[in-house]
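There's a structure below that I have some questions on.
Chain lettering (A, B, C and D) follows the sequence in which the chains are written, and residue indices restart at 1 in each chain.
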Amino acid sequence: MIVVMQKGVTVEQLQSVMKRLQDFGFKAHVSEGVERTIIGAIGEKTDEKVQQLEMMQGVERIVPILQPYKMAAMEFCGQRSLVKVGKVVFGGAHVPVIAGPCAVESPEQLCQTAAEVAAAGASMLRGGAYKPRTSPYAFQGMEKEGLELLAEARQQTGLPFVTEVVNPGDVDLVGRYADMFQIGARNMQNYALLRAVGLSNHPVLLKRGLSATINEWLMAAEYIMSSGNEAVVLCERGIRTYETETRNTLDLSAVAVIHRLSHLPVVVDPSHGTGKWRYVPPMCQAAVAAGADGLMVEVHVRPEEALSDGPQSLRPATFAEMMSKLAPIASAVGRTMP
Amino acid sequence: MIVVMQKGVTVEQLQSVMKRLQDFGFKAHVSEGVERTIIGAIGEKTDEKVQQLEMMQGVERIVPILQPYKMAAMEFCGQRSLVKVGKVVFGGAHVPVIAGPCAVESPEQLCQTAAEVAAAGASMLRGGAYKPRTSPYAFQGMEKEGLELLAEARQQTGLPFVTEVVNPGDVDLVGRYADMFQIGARNMQNYALLRAVGLSNHPVLLKRGLSATINEWLMAAEYIMSSGNEAVVLCERGIRTYETETRNTLDLSAVAVIHRLSHLPVVVDPSHGTGKWRYVPPMCQAAVAAGADGLMVEVHVRPEEALSDGPQSLRPATFAEMMSKLAPIASAVGRTMP
Amino acid sequence: MIVVMQKGVTVEQLQSVMKRLQDFGFKAHVSEGVERTIIGAIGEKTDEKVQQLEMMQGVERIVPILQPYKMAAMEFCGQRSLVKVGKVVFGGAHVPVIAGPCAVESPEQLCQTAAEVAAAGASMLRGGAYKPRTSPYAFQGMEKEGLELLAEARQQTGLPFVTEVVNPGDVDLVGRYADMFQIGARNMQNYALLRAVGLSNHPVLLKRGLSATINEWLMAAEYIMSSGNEAVVLCERGIRTYETETRNTLDLSAVAVIHRLSHLPVVVDPSHGTGKWRYVPPMCQAAVAAGADGLMVEVHVRPEEALSDGPQSLRPATFAEMMSKLAPIASAVGRTMP
Amino acid sequence: MIVVMQKGVTVEQLQSVMKRLQDFGFKAHVSEGVERTIIGAIGEKTDEKVQQLEMMQGVERIVPILQPYKMAAMEFCGQRSLVKVGKVVFGGAHVPVIAGPCAVESPEQLCQTAAEVAAAGASMLRGGAYKPRTSPYAFQGMEKEGLELLAEARQQTGLPFVTEVVNPGDVDLVGRYADMFQIGARNMQNYALLRAVGLSNHPVLLKRGLSATINEWLMAAEYIMSSGNEAVVLCERGIRTYETETRNTLDLSAVAVIHRLSHLPVVVDPSHGTGKWRYVPPMCQAAVAAGADGLMVEVHVRPEEALSDGPQSLRPATFAEMMSKLAPIASAVGRTMP
C-alpha cells in the first residue's frame, strides 16, 4: 500500500509513521516529491492496520494496491472453477439455464411450470419457499410445504433445484431438501447467513446486492469460501440506479469483470435485472453473448395470477421460443446450449 | 390506484379488467381520453392484486396512489411519536446524542470513552459487540463479552446503550443486556431479523439501508411494527452514490421527508454518513438545524488504535467542543440540547 | 393525468381545482375513495399546467399518464425509422460499425487507423476534432485541422465520418466537413446546441447523458426533431453508478427499452461504456445480441501513445478479431454484419 | 503517482516503463513486494502521460496521488477567497441570500417578487431569462426582454442580480445586463461556455452538475479560472440518486468537503436540491449550520401560476418567516445574517 503524507509533514511525523509501519511488519520506502512525500509499504495489510495508519498525524490517506479478497481471486486458482450441482456444471463450456416461478404457490403451479421448463431445455429448477418481500403484508412463501413441493417437482422432472434461504436458523432444514442454496440480493451482506451456508456442503448461488460493488460481492463470496465452502456461483441481477424504466439496471459488464478478477462462475438473472418480461429475452441473448456461465429466468404458467413478480415472469411458450434462439449465440462465443 | 390501458385496447380487454377489479373488491371508473383509456380504482390494494392486474391483456401499467405502509405513516398517529429508552426520549423537544466507539474493544477503551461522552453531554452510549464487516478477515466484535462490558459502562455512567444485533438467533441474548436494538444498514431488509426484534419489547434503532428508498425504509419499520413493536427510531446514515470524497452521501433532506410522511422519530449518524471525522461536526450542526430528533456519533479515545472505523471517529475533546456548539442551533429551531 | 387530492381536502378546494382543470381545457372526473379523492383529467398537458395545478390548495400530487415526447415516440411512426448517412443505414437489418480513434491526433495516426478499420469491416469512421475534456490542461483536439484530416481519411477509405460538435457557433463549420454530427454525453442537455443541429440537414448521433434517464434522452431527441431534423440516432454509452471497476455502467437494457418506446435507431458504445479495452469485445457481442442497431468502437494504432482515451481503445488486430465473431451473433438475432 | 505492475511482470517490461517515466521527466523508485512490484513516480503528471503509461505492457494500473485541479485548490491560496458582486461578498463572515423567481415571466411578477425578497433581507436577486428546459415545448424564457426586466428590478431594489447564460454566443449580451453569470447544472461540463465566461470580467456562479463528482466540479471551476477569471462561486444544488421523494439529493457534506479542498466560496440551493417548497426552509437552516457561504432560494409571488418550478418556490411570506430563523443559526456557527 501507499501512505500519502500531508503537505508540510514534519520529520517527526514521518519517523513516527515509519516506525509504526515497521512494528506492523511492513517493508517501507520513502519517496519525497516536490509537493508530497509518499511511502510505499510492502507487507500483510489488514483493515485495522490501514485505518490506524490513516489516523496518524501527518497522514493524508492510504492507497491500497492489492484487492482484499483472496480465495475468490483469479490468482487463487489461476483458471476458471467448475461448480457442480448434481449433473449440472457451472463454469464449463455448457451454459445451464435455471428456470421456474419466483415463488412456489401450489402443487399445480409448480409441477406444470417445472414440466414446461424441463421440456424447453432448462437444466435446473428455481422456486422460492421463503420469500423476502418489501411489504410485511405480501405473500411470504409456503415455507416447509414449498420445499416439499420442490422436492416433488425434482422427482418428476429430474431437475435439481435452487431455493433461497433467509435465516441462519433455516439452513439445516432447507439443506435437507435443496440441491443449492440461494442467497438473495437483500442478504448479500447478511454475514451470519453467509457463514451458515459456508459451513454447509451445498453449493451456493450468491446474488449481487442491490448496490454492491463487484469488490463487495467478491468479499461476500470470500465469507462463504473462508468458512469452508468453495462451491460458490455468482449471480448478477441488476443494480440500483436512478433509471426507472427498468426495475434495476442489469450490469452485464460485471460478467467480463468477474471473469477477469475471479475464478468463480457467474450467471445472469435478467428477470430481476429488468423487472419486465418483455426485456428478458433480449437480455438473456446479451448475457450469453457476454460470456455468462448460466442464466436464471422466472417462468410462470399464469403470470397474471402469480403471487409474486408476475410482471417479470415469462409464459412457458415465450420461454421455449427464447431458448431456441440461444444455442446459435452460445455457439458463436464458443459455448453450448440445448 | 389507476390502471392505464394500452393504446388500442379492445372492449373485451377493458371489460375483462373491469371484471377482475370488481372480483378484487374495487370500485372502478373508466375515463376515456383521446390517446389512452384509464381506470380509477378505489379499494384495498395488495401487491398480488397489482401485479396480477399489471399482467392482464391490454394493461399498460398500474399507478399506485397511496403509500404502502400503514402503521409507520403519519396518518396512523396524526402527530409525532415519542420513543423512550429508559429516561431518554426521542421525538420530543430535547435532542439526545448517542455516542461511543464503533466496536467494543476492551474494558479500558469502552469505559474511558463512555466516561468522556457522558461528561460532554451524551444521553446514550453506543458500541458494537457483533460487527458486520465487509471482510471476513477483519475484527468481528467481542460478542457476549462486549455486551457485558457495555452493561458495565452503563453501570458506571448511567447511560443506557444501543448495540447492533445481526442474527435472529441472538435477539434473546442481546436483549438481556441492551436497552435498545440497532438494526444495521446492511440488515435493513433482513426480514427474519426485523420480525425477531418486532417480537421483542425493546425499542429499535433502524438504520437506513445503503441504497434504500425512504419508502423501503418505512416498509422495514412496518415489518417491526406489524410484528407488535411500535417503538422504532429511524436513523439516516448516508446513502450510496457515485461520489467518492465521502464514504456515503448523507441525505439530510430525509429528515424533513420523514417528518412529513411518518410519525416516527429520526436521528442522524454523520460518522457513517461522511466516513471522515473532519466532516462530522459540520454535519451534526446541519442535522440539528434540519430538525433531527437525535444524533449518533462515533467517539474513540484513541482513533489511531481503533479496530474499526477509526477514520470516522472523533476524539473526546473534539466531541466535547462540538457538543458545546449545538445547543444554540437547537435553540434556534425550537429544540434543546445540553 | 391524475390529480391526487390531500386527505381532508375541502369541497371548495376540490371545486377550485375542477374549475382550473376546465379552464385549462381538461375533461375531468372525480373519484372519491375512503382515504383519498382523485381526479382523472383528460386533455393537452403542459409542464406549466401540471406545476400550477400541483401548487393549488388541497392538491397532493399530479401523476402523469402519457410520456412527454411526441416525435420521438414509437406511436409517432408506428415502426422503426431508418436513418441514412450516405450509404450507411441505421435501423435496418444490417448492423453498421463506427470505428476510429477517440481524437484525431496526426495524419498518420488517423489514416492508418482508418485504413485498418475499413479493412476489418467498419462502415463509418469516428474521430474527435473538438474534444470536451474534464481537465483544461488536457489535449483539446486539432479543431479545423482535425476536420480536414477526417475528410482526407474519408477520401482514402470511402467511409463517411461522424465527429463531435461542442459549440453552437461551430455547427456550420463542422457541417461543411462531417457526414454526421455527434452530440456528446456532457452536452445531451445543451439545448442551444441541440437546436443548432436541429436546424441543420445532417443526421445526428445523440449520446445519452452520463446520468440521463431514458425519458430525458428521448426529450433531448425531441429538441432536435422538433427543430426540424428527424434524422436522429441514439447512442447508449454507459451511465454513472457507484461501481468503479468500469468507467461507467453500460446499460444494455436501454436498447430493448428504446425499441419499445421509440422508433429511433440506437447504437451502443462499449468503449466509453466500460472504459477498458478488455471489456469492449464481450460488450460488443452482448450489444449485438441485445438488438443494437449499430456499434461505436474506439480503435487506435498505438493506444499507448494516444492523447485521449488510450486505455479504452482497441488495437486494430483486436478490433479485426472481434469483428469476425460478431456476424454469427447478428445472424442468430436476425441481423447481418460483415 | 504510483504505477502498479501486473503479477508476473518481466524485467524487460519493468525497464521499459522506467525508461518511459524518465523520458516523461519523472523521478521513479521501484518497490518489489511479494505479490506486486510498484513504482513511485514524482514529477509533472498529465492525463496523456497517465493514459499512455496505463497502456504499457506489464502495467496493471496507475494510482494518482495529487488532485488534478490547481487554481481551484486550497493550496493555491492557502485561505478562503472572497468573491464580490457589487457590495455583496461571498466567502466572508456574512452569509448572503440570493432570491427570486425561477424564470422572469412579467414585469409585475418580477418587481413584486424582487421587492418582497429585498424587504425580507435578500442580498441579491435571481431570475432566469434563458431557461434550459427538459421539454422543447415548455416555456423557454423571455430572453433579452427578461434581462431588461431584471435590470429594472435591480434599479428599483438596489439588489444586484445573477442570471443564467446557456450559449457562448450570448455571453456578451447577458454580460451587458447581469452582475453575475450563472452556469446551470446541465452546462457544468459545457466547456465552450465555461471558457466564454472565463474570458469575461463577471463573477460566475457555477452550479454542480447533476451527477458531477466534487472533483469534476472543481475541474469545471478550473476551466473558468485558467481562462483568466478567478471570481468563481460554487453552488451545490443536489445530485441525482435513486431516491424519488425529493427531486434530487442535496449533498450538504459537499460544503464541508469544498471548504477542505478549495478556497472558493460555496452556496447552497435547496430549491432545486429538494424540488419541494416544504423542504426548503429546513434545508436552508441546515445549509447555514453546515457552513455554507450563501443561499439561493426560489421565491414567487404566486407559485400556483409560475411558468417554471412553481412546486419548489416559496411564497414571500414563507421566505420572510424562514429568513427570520436563520440569523441565530448563523450566529451559532460564527457567521452573520440579516
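Heads up, the rule we're going with is that contacts are C-beta pairs under 8 Å (C-beta built on N, C-alpha and C of every residue); 3 or more make two chains touch, one makes a residue touch a chain.
Being a predicted model, the structure only gives us computed values, none of them experimental.
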| item | value |
| --- | --- |
| Chain labels contacting chain A and also chain B | C, D |
| Most distant chain from chain A, judged by the mean position of its C-alpha atoms | D |
| Between chain D and chain A, distance of the C-alpha-averaged centres to the nearest whole Å | 38 |
| Computed distance of Cα centres, chain D from chain B, in Å | 31 |
| Geometric centre distance via CA averages, chain D-chain C, whole Å | 26 |
| Touching two or more other chains - residues of chain A | 211, 240-242, 244 |
| Touching residues (chain side chain C, partner chain B) in the complex | 2, 4, 7, 27, 29, 31-36, 38, 40, 42-43, 63, 65-66, 75, 240-242, 244 |
| Residue ranges of chain B in contact with chain A within the complex | 46-48, 51-52, 54-56, 68, 132-139, 166-169, 186-187, 189-192, 210-211, 216, 219, 222-223, 226-227, 240, 303-311 |
| For the chain B and chain D complex, residues of the former touching the latter | 211, 213-215, 239, 241-246, 249-253, 255-257, 260-261, 270, 273-274, 278-279, 282-283, 285-291, 325, 328-329, 331-333 |
